[in-house]
Each structure stands twice: as C-alpha cells, then as structure tokens.
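We just call them A, B, C and D in the order they show up, numbering each chain from 1.
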Amino acid sequence: MRVSAPAPQSRPDLGPADYPLSVNRQDLLRTPTGKPLSALTMNAVVAGEIVADDLRIAPETLQLQAILAESVQRPQLAANFRRAAELTAVPDAEVLAMYNALRPRASSRDELLTIAENLESKYHAPVCGALVREAAEVYQRRDLLAREED
Amino acid sequence: MSAPAAVRTLTLKEIGPAQRASRPDEVVIAVSPAFAETFTRTIVDVPHAEVIRQVLAGIEEQGVTARMVKVWDTADLAAIAHTGARLSGSGISIGLLSRGTTMIHQRDLPRLSNLELFPQSPLLDAEVFRRIGSNAAQYAKGESPAPVPTRNDQMARPRWQAKAALLHLKEFECIVAGRRPVEVEPVISRA
Amino acid sequence: MTTTQPRHSRRTEILEDRPVNLDGFVEEWPEKGLVAMESDFDPAPSVRVEDGRIVELDGRARADFDFMDTFIADHAIDVETTEASMAVPSDEIARMLINPTVSRQDVLAVTRGLTPAKILDVVKLMNVVEIMQGMQKMRARRTPANQGHSTSARDNPLQVAVDAAEGALRGFAELETTLGVLRYAPLVAIALQVGAQVGRGGVLTQCALEEATELELGMRGITAYAETISIYGTESVFVDGDDTPWSKSFLASAYASRGIKMRFTSGTGSEVQMGNAEGKSMLYLEIRCVLMAKGAGVQGLQNGSISCIGVPGAMPGGIRAVAAENLVASMVDLECASGNDQSFSHSAMRRTARMMPQLLPGTDFVCSGYSGVPNADNMFAGSNFDTDDYDDWNTIQRDLQVDGGLRHIREDEILQVRNKAARALQALFAELDLPRITDEEVEAATYANGSEDYPERDVLEDLKGAQSVMDRGITGLDLVTALERTGFHDVAENLLTVLRQRVSGDLLQTSAILTHDFVPLSAINDANDYAGPGTGYRLQGERWEQLKKLRHVTSAENPETEVS
Amino acid sequence: MNRLVVGVDIGNSTTEACVASVSGGSVEYLGTALTHTTGVKGTPENTEGAVDAVRRALVGARRSPADLDVVLLNEATPVISGLAMETISETIITESTMIGHNPETPGGVGLGVGTTVSLDGLAGASPDEPVVVVVPGGWDFDDVAAELNAAAERGVPVVAAVLAHDDAVLVVNRLRTPIPVVDEVAAVAKVPLGMHAAVEVAPPGRTIRTLSDSYGLASVFGLDPEQTRQVSPVARALTGNRSAVVVRTPTGDVTDRRIPVGTLTLTGAGKTLQVDVDAGADEIMDTLDRVQPLDDATGEPGTHVGGMLAQVRDTMTDVTGQPAAEIRIRDVLAVDTFVPNEVRGGLAGEVALENAVALAAMVRTSRSRMQVVADEVAEALGCRAEIGGIEGEMAVRGALTTPGTDVPIAVLDLGGGSTDAALLDRDGVCTAVHVAGAGELVTKLIGSELALEDREVAESVKRHPLAKVESFFHIRHEDGTVQFFTEPLPPHVFARVVAMTPEGPAPIPTRASVDHVRRIRREAKRRVFVVNALRALRQVAPRGSLRMLDFVVLLGGSALDFEIPDLIADALAGHGVVCGTGNVHGNEGPRNAVAAGLVDAHADAVSG
C-alpha cells in the first residue's frame, strides 16, 4: 500500500480524544484568513467583517484532520485529506478542469503529465501530482488516453 | 363491431449493405441485432411485426417514405439510432431495441443526444409507436410536431427493471462484431 | 382469438390480484452476471506480494489487472497485512464478524488486508440474521441515523423548504434534494437549507446534480455535503459513466479541500443493468466498488443497490445480497448510507421486509433517502418509504424497540415549524430580491401534503431568480445575513454554525453528523463499541420515551383520553 | 451646504429610488435603485419597498442612512386595472350536421356525395346507391382498406369515407380506387347513418371549394333558396379548411349565435350611454369617446362585464377601505380578439377561434394614503419624508432631463397595467391622464390568440424577437437574416419557432409560422399601446390635437421593448411629433424619471 505520505514535521500529536477539534482544540484552528473560530460570530457577520473566504477550510486544518484519521487507522482517509490540503490552493474552476481532464479518453499522456507538473511546481501539490501521474500510467496501459479523432 | 385482430409475423429480408441515401423525404428505421430474429416481441409483448407496422404507418400517413436497416455491431440505442440518422436522406431516424426502447435521432446531433427518447419500454404500445413514426416523419418534413407525451411510472422499476436487464444481455449476445449495417425489407405477413 | 381460458380457482384469482404479483422476478443467468451473490464464475480469492507490492489479486497477475484491480491493489488493500489476513479461513472471519467478544477493531485488523473475492467468500457464508449481527457491530457510528428526501414535482422551493423543516423535526440527520428542471437548483438548494435549519439546527443538506454544479453549490456553502458520486464495479461500466477511480479520487479530494462532507454511491445490479457485468455476480462487483471507495479515501458510501434495486430484487437471494453489500461497506470501516431509497415493490410487506436488515441492527443512515414528501413529488423517482408511511415507521420502531431515526411529532408542532419555514423562506426571498412568496402560499404550505396543494408559482420568474443566485454569487453567508436582517435570528444562527463546521473539518471524518447541540458526532467520538448484549447503542432513556409516542395511544391514567 | 436627498417613485410594479446631493439649486446624482413595489401602489404596504429602495440606493452611493436629510415621495394614487376576455360569438352546430375540423393529413382528393353507412354494415349495402363509409374506432387501417376494396368489388359505389383514427392516407394508399377520406373524427359514433352526406378533400396546400360555398352546398344537396340561407353559416365555418364533411339531416340546424356578454353603461360629460359588449371593440370605444371624460362605467349584475367591473371595484375597496359605491371606473379599453373554443356540436373536437372582446378597466381613487407611507418611511429611516409632487408632473420633469427635449413636452409612461400620459406646457402647467390597458393586456392577447396555455410563454413571445430553428446549426430570424452556430443547438428547439431570449432560443408550442406569430405579437402591441398612446395623448394635448405636441418621451418598462417605441413613433410621425425613448439624465434610459423629477423639483423649491 502506498497511500500515506509522510506527515509534515512539527505537527501536534493528535488523537481521538482531541475530536471534535471545533470543541476540544479550537486553539489549533484558523480560517484561511488567519481568524480564530471564535471570531466567526453573528455580530461579526452582521458587521460585515466575515467574508466567504473566512468559511473555508485551511490547508493546515486538513493536515490536522489527516493526523486524526491516521490515529484511528484510516490511512486512506488521511491521504485524501492531504491531497485536499494541497488542493485548497487551486482555484475552483481549475479544480474542475483537472477533474474533467482525468475522465477517460479526455487527455493525452502529455496533457496529464503537464497537469501533474503544474500541480507539483505551481501549487506545491506533490501528492496530487503523483495521483495524476499514476493515472497517466494506468490510462496508457488500459487504452484510456485520448484517441486520435476517428 | 370491433375490428378483427390479426396475428402478423415480421421477417427482415436482407437487401444489401446499407447505403446513405439522398432523398430528403425518408426516415430510416434502425433496429438492434436481436430485433425480429432472436426476439419477436417487446418487453410487454407487443409483436415486433406490430411495432414496425405502426411505425411505418405513422410515417406513411405523413406522406414520407421509410427505409429500414439492421445494425449488427452494437446494442447501444444511441449508436443504433445515430447510425440510422447518418444513413437517412433526411437525417432523421428512429432507433429501436428489441425490448421496445425507442429514440428519434438526427444526423447533426451528437451521438449521445437525441430528438425524442422513449426510455420506458414497458409503457410503449402500438399507439405510441404510431405516433413516434408520425413525429419522425414530421421532423423529416421540417415541421415541429409536439413531442409524443412520455409516460412515467415509478413502479416500473420493481416490475420491469430486471427483465429489461435480462433482455439487454440477450440482445448483447446477438451482436456480430465488425458486421456493417444491412438494409432490410420488412415483410409483414398475416399468420 | 376467442379460445376458452382454463378455469382458475377463486383462490388463485385472489392471489393473482395481490400487489406482490405486479413485481417482476427473473431466473438467474450467472454466465452473464445476472445472479445476486452465488456464482461459479466469480474468481477464487488469492493474493501475492512482491517487493511491497501486490502482484496477484484473486487469481489475476498484475500484468492482466484492469484498472479496478490496479486501484484496489495499490490503494485499498493493506499490503503489510494482506498475506496474513488472506490466510485466515473465511469461516473464521465470518465468525469474528458475529462474535461479540471480538471487537470491531480486531475485525478491521483483518479486513484491511482482504481482497474482493475473499470478502465475498466470507459474506457468502452468512445468512441474513448473521449479516444483521455483523452490521450491528461493524456499523461505523454508534448512534444510528436516517436521511430524508425533500423534493417537489413542480420544483416548488417552498414545498422543499417546509417538508425539509418537518423532516428535520421528525429526525432526519441529513436531507437531500434534486430537481425536475435543473435550472431551479439554486433556489431549491437554498430552500432545503433554510427549511432544514428551521426544523432542527444542524441537519446537513445536499442537492444531487451533475458534478460541476453540485460542487459549486457546496463551495458556496448553500449545501453541506454531497453523495451522488457514482462508481461502478467493472472497468467498462466505469468508463461508460465517464469516470475512472482516479478521476473520482481526485473529486473526493476536491470536496474535502472545500471542507465539504462527501460519500460515493454504488450498488448491486448497476453493472448488469448496463450490460457489462463481465460475468461476475452482482455482489462481487459491488465489493470491488466498496474497496475502490475505501482506496479513494472517501469517508463513506451510499450503497444497497440504490436505483437498480429492481434487479437484485428480482433475483433469488437478491435482498440478502443487498444486506451483505451494506455490511461490506461497514466492515471495511466506511460510513454506510444503506439504500431503502427507491421504489422497490408493489407489496407493502415486501417493502418492509426489504428494510429489516438495515433497521434492526441499525446503520449509519437506515434509508439513504426516506421520502419526506409524497412519492408523487419524489424527484428521485420514488422511495421505498414516503410521508404516508411515517406512522407505520414510528409504530415499527416502538413495536421492536429499535431506533430508525424518526419520531412522532404532534400536528401543532408540525404546523408551527412548517409555517415558520415558509415565513423564513418568504422573508429571505424578499430580502434577496428573489421571486416573491405570497402570504397565500405560506398559508398553503403550512397545511399542504403534496405539490398540488400549493398555488402555482411563476416558473419563469423563479428560473430568473435561480439564475441570479448564480450570477450574483450568493453564498451561504449571504443567507445568514439575510435571515438575521429579517428577524429569523435563530435560523441564521443555526446556519452560521453549520457553515462554521467547514472551517474545522470535523464533518469530514467518517460518518459525521451534527447533534442538536451542533457537536460533530462521528466514528471517532461516537465509535461503535458494540460488544454483545447490553452494550453499544441501546434505545433507552429520553430517546425511548420519545419513540413510545404515536398518533393515538390510549392514556393509562384516563383511558377516555389519548396521549400523544 | 450639501444635503442628501432621495426621490422615491412608487409605481404599479416597481419602486425606484434616486439619491442626490443637493446644494442650493444644483443637484449631483449619486445613484439609483429598483425594487418590487410592495402592496398596491398608494397604500401603506408600500413602505417596505420604499424603505428598501432607499437603503439600496444609499448602499450603491456609499452613503449612510444617518446622513439622509429628506425622502421625497410621489403623490401616487392607487390604480388598479382589471382584465377580462369574453367570447361574444359561438358557432353551434346541432350534432348531426357538420364536421368542420381540419385534420393534418386527410386522404385522397375530390368530392364524394352519398349516403352514410357504417363499415360494420357495409356488407348489406346495395350497389344502387353511392355510399359514404363511416369507420368507427378500433378498426385497423389494413382491414378498413380491405373492406372498402371488397365492397367496391361487389359493385357498391364507395365514394368517400370518414375515419375515427389518423389513418386517411394509409387507407387511401391501399385502395384500388382512391376516394376522399377525412380522418381523426373523434366522435365518429355520432355521425348519423342513412343520411345524405358530402365529403370534400382538397390537394395539399389548397382549401376546399364546394362545401365552403353556399351555392356549392345548395348544388350538392339540392337546396331551395330558404334552405340555402339556413346552411350558409356551415359554408362560412368551413372556409379555409383542407377537408370537410357535411351531413344533411332533416332537423339539421346551424346557428351562428351571439352570446350576450352584457351591456356596458358609460357615464361622463353629463351623458349616460349604453353599449352591448358583443357589439365589438370599435363600437365600445366609439361610445366611450362620446362620454369623455369618463366618470364611471358599470355593467349589469349577472353578466360577464358586470362581474369583471365589480371585481375591480372590490379590489379597490379592499385596498383603500373606500366603500365600493364611491369607487369610479375612470377608463376602459376594449380590444377585439379571438379565443380558441371547442365547437359545440362538433364531432372531432373542432376548435374554432371565436370572436371575443378583451376589456381592461381602471379605477383611481382620490383617497391616497401616501401621507401614511411618508410617516412610516420617516420613522423607519429616521429622517424627514414628504410628498414631493404629483406623479405625472414629476415624470415630465424627469423626462425633460433627456438630452434634446424641451417644453412643451409630453410623456407616455408605458407600464404593466395602465398607460399614462402627462403634458407640460410652456407656462409650466401640467396635465396628466391614466388610461387602462398596457403590457399585461398584450400578454393576454398573445396568449389567447396563439392558444398558449402557459402565460410565461406568451410573455416570452411579447418580449423577444422570433426565429425559426432550421437546422441544428442555423436559425432564421424573423427579419429573414440567418445566424449560424458552431455548437449544435439543443434538441428541444429543433425545427421550432422560438423566442430569442437572452438565455437562448426558447421553443413556442405552436404550429403557427414565424410570420403568423409575429403578426399576432405586433398587432397585440399595436391594439393596446398604439391605441392607448393616441388616446392618452389626445386627452392631454391642447384642444385634443396631436399636432399641438412637439416632443413625446416614452418612459416605463415597456419603453424598453424592442418594437413598441417604434410602433408608437410610426403612429405619431404622421402628426409631426418627435417621439423617442426617454433617457433620464442622459444615462438612465426610460427608468427613474419620477424619482429624478422629485429631486429636481425639491432643489428648485429650495433655491427658489
């Protein structure tokens, strides 16, 4: 099994007792804009201090949830959270475009490898990049790359 | 007072490889591999002879001509109907699966699209097949018929879903890979 | 054609007219995969590991792997333990599943290393009662729950909102909607969210659509989770569905990256229905789906044949196979939303029997869509249960002392919550300059049963409104602000609390729901700890008192009155 | 000193606000906003919409409500319009006389005259007498053809047939000797047997000649002059058909009946005149002209028109609290139209477009409750609120900010329920008038004349140009131009007449051609807006003469329509009037004239 990427360094040692983080470990949680969870109050909303970005998940939080998932022996779920942490940086439209490119016979091998490179270099998303590279390899073997127009 | 019900049989006489025609007043009826051969009736026992007779009548009533082709290398309705549409002089075709599922297609549409689709084979009877023929002919004339009303029945699933799957598998068995579409002449005779 | 019919007995005639005989039944054809779970054409279990890599899976060498084999071998199966796990005899694993002294964790330690054929080999040994015993222990979350549908044949947002509110009050932990006219989606998704938060703060909502719009509504915070991400058990059908395990895995990460809960959907019968079962039994192919989902790292799966239920339902042992597929999802540690969500039978008896293997042991969501509207309004093409069945469901819970996630609510409370949901949506639409909801509509919604009880809406205006929701980029936050401004402070607060959850990501963990106190309850802090009689989830205390209530119960104190 | 002022125009359907900074006599416009009007115009329910519009406008202008000095409201009197459409004629055919329906595909060509015989009884028919065969439902076309051929072989002169199903072409194609056949006669069982009958089918693209002609009928059935006069309605009803059946029965009776829809009583100019609604629109409007200015209109209780006018009155009572007896109907617009009706006595579900009159009526009340609105707005916003002027005057003021205009100026506000005109002369005197009928009536006429069941579709036809989808890759617009597409159009619009909405082509469920739909659309707009424009302008024009007007500015939602302004301009051109769409402040288009007018008037008052 090759599902678990090494956990990034200097992460808190979380276990099942820390869950839910929103109750037990609010100290570790920040919005992508750097606000603590306690700042997301109705008063703040009414005062216009909260924007949509404040209600997104931060990559650091996904890494925390990955650690939690690993602590209860769910390595695949953890791996998904780590890929997700990487994808937080990718804009919505581009995420959808990448997904569409991964559909069967939608992309050539080169196109897939370009996406992988883009993920790795532009978005610092090596785990996602690896998933796309793996797809390119399997698609080639199973004849699922884009065909020449017939 | 009612009309005498006649039992009819359908045989498809092979004419030769299906060709693209140029007359603009024709509709092509494209049928699946098992149609009128392995199977003789739809999922709800409408005889294929009656299906074709009604579709042809619907086309004829509109003053349009019909040509029939048998598609051998696929049992996919969209592919069958689109094959028919590309052979049709008007660009309009009717695709038919053995179990009755029907589609009206047009040449310029993407394969997976359609003009009208009748996916619920258990709800298609002789009258609906007549109207499908009539609508296809009207499309061929460049008219805009009101779509044939489609019926829906939530309880079709428990009654027919498995039989439909079975018939689909049987249809698949009849595929002759690589065989080109064949033009056929429908011969309907009274038993 | 006027041949004389053979004479039938009166009894035959009566039986012939029973609803069950409107259902369809079909003989098995194992060579083509038209068989529930017992087929000579399924592969024999095997695994071989070389250099930390699985090189043989269920009798197939790596060079011959299709993409399902590849994905499962590389992502789902624990390479470290697989050879040891596969060496455990199937009957022993089956016994571990039902033996209360073997803990859930101990079972998972073994199942992590099993191949699809081995898992099939195990569950084939189990009868329905044993499958239920296994489910009782292996279900991920300790507390069972239920999911509801709220849709409208006219896509009337008001109906979706008030039925969501009633459903939430009755107990659904998740609510799902979909559309007849897809362009209505933004308005209906908003209505579902608002209605749900009026009914009971913390209910999670979703809108089933094509991927891009579904994801967008989720990203905007108008919906809270996603479910209709279909996967299939053969490579050819997967490709026909225009996806691969890799594209779906990527999509799973995309949802998580936006803090949105998500599960996949699969079910027995889909491959044979689409004509490409590759000669394998329905359950074997479904087990491949379950392991694919596991490998993708999604937290859960909706299975139990779902929209193909007519196929296993027509086969011998088909409903046993459906029960088994739910168990398989649970025994590989996934959240299981266990079907019972599509019209299944003309027979009320068969409908009830079909749900017993999920209701009795309890699953994460007993129905992955109990219709919270009359089936005529159900845009998922009808569910196994609908609003007409509410009282029957509540009575069965009380008879058997099992928790199916719902409860009886007095009419006055229902009217109150429906009226409030209608008014909240009316105020919200007005505040956001969306098509007006009249007082007459609010009144109708309060007392309505189905869509025909509502005044007709101006569809064109509604569709324009729906488009403007997308064009103006309205988000969940805008809904909060608007509700607060219009005086629906508690509803605004509920919605804000739900939205805040995505910042913490707690709902991404396996089998998470929100309690009425907005505490995330998942298979971490509410892990199933069943260990035999007297342990695990028990229907008792305050919850049992709730479930004792029905519409008509004669008072013991004063038998001339009823309590409710 | 700069003061922040908001003008608010409460209209029938929309409320508009306009924020400005006023310093001395100079005005700087900061922003505008538009919301739905809450409640009926001129009632306290308007407060909510007004406050909302003000808030939105302030947000748009980035100003705080705290800085607001005064809100100016228009003096808006409630205007309620009612619409009714009543059939005034009806073709009734006693059930044994005529089948006038027009199946898509009759069979054969020519005229066949004989005695009606059921197909079931054809075996007993004698060879002496020509027969028209009547085929009940349930017969298959193959069997019908076989039976007819067999009868002909026996020497029975089969000259025509009438079928229940859509089988005519099929049957004729299978006959050895073709005969005219009419099909899709749903109530074929009601065709009397043993009677003299004629069946006529014209070639494709032609219409019948004999049965649609009174003397033709007389020749076929050997009628005397009195009988000919009696059946002339039959001939008239069959005109334009491709096929028809006429059965002559001893008791046959056809009437072209007028339905009394009631009498309209119009009071004004010291006169009280009555007109029958079934006399038609021209008659009604002529009568109306003779009593201008109208004081009130009533209808007899128990008639259609009485009911409609009572309903309008009741609505106004509900809104204003004014007793129904005090409410006056101040204008009526009648328009001739058609409504599709099933022919009574027809045998095939025949639908005929029957003559009808559409009526729009309008009430005003003197009892405006704007002061209540002003008080409530003031309280909600924490600032002063006052009634800044009369709607019509303010509209003129706003319209005057359109570049290129000058006094004397007339405005036409083309709304949903009413069409309003106002005139400002060189002396600064303003006259205003409201007349009944506007956009909603147009939608109703289009819907009815095209037999569209869905009001939204009719609305779409009204608002957007038409086109015909000729292939998946091209459409032909109503002006004849062709547009090509690279992506195929969606299948549901294939071969259809469509409205070109901003969301793309939307199919119109009709068999009518683009030209026909277009004609109906333009005619509906002409009969409402052009008629009303002339009517309203005449009422404000000096000495009632349009020639005395120089500038006419069109305002309101329908001034944004793609053809209404042109239709009106064309009609006015002959009178030497410059007519165009308003452009308030040179950039607001035809919107916001009243709100802007309020601000301007306020600024003038302050500085003056």
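Points worth noting:
By definition in this document, a residue touches a chain if its C-beta (ideal position, glycine included) is under 8 Å from a C-beta of that chain, and two chains touch if they have at least 3 such contacts.
Keep in mind that this is a model prediction, so the values were computed, not measured.
Taking the mean of each chain's C-alpha atoms, the chain whose centre lies closest to the overall C-alpha mean is C.
Between the chains A-C lie more C-beta contact pairs than between any other two chains.
As a whole-number value, the distance joining the C-alpha centres of chain A and chain C reads 25 Å.
Inter-chain spacing, taken between the CA centroids of chain B and chain D, is 43 Å. One finds 57 Å separating the Cα centroids of chain A and chain D.
Annotation: 37 Å between the Cα-based centres of chain B and chain C. In chain C, no residue reaches two or more other chains under the touch definition. Two chains count as a pair here when they touch; such pairs are A-C, B-C, B-D, C-D. Chain D makes touch with chain C in their complex at residues 35-36, 456, 459-460, 503. Taken together, the chain D residues at the contact with chain B in this complex read 104-105, 120, 136, 138-144, 166-170, 173, 204, 470-473, 488, 491, 494-497, 507, 509, 511. The touching residues of chain B, counted against chain C in their complex, run 5, 7, 75, 154-155, 157-166, 168-169, 172. Within the complex, the chain A residues that touch chain C are 1-3, 16, 19-23, 29, 31, 37, 40, 42, 45-46, 50-52, 54-58, 61-62, 64-65, 68-69, 72-74, 76-81, 83-88, 90, 92, 95-96, 98-99, 102-105, 128, 131-132, 134-135, 138-139, 142, 144. If you check the complex, the residues on chain C that touch chain D are 433, 436, 458-460, 467.
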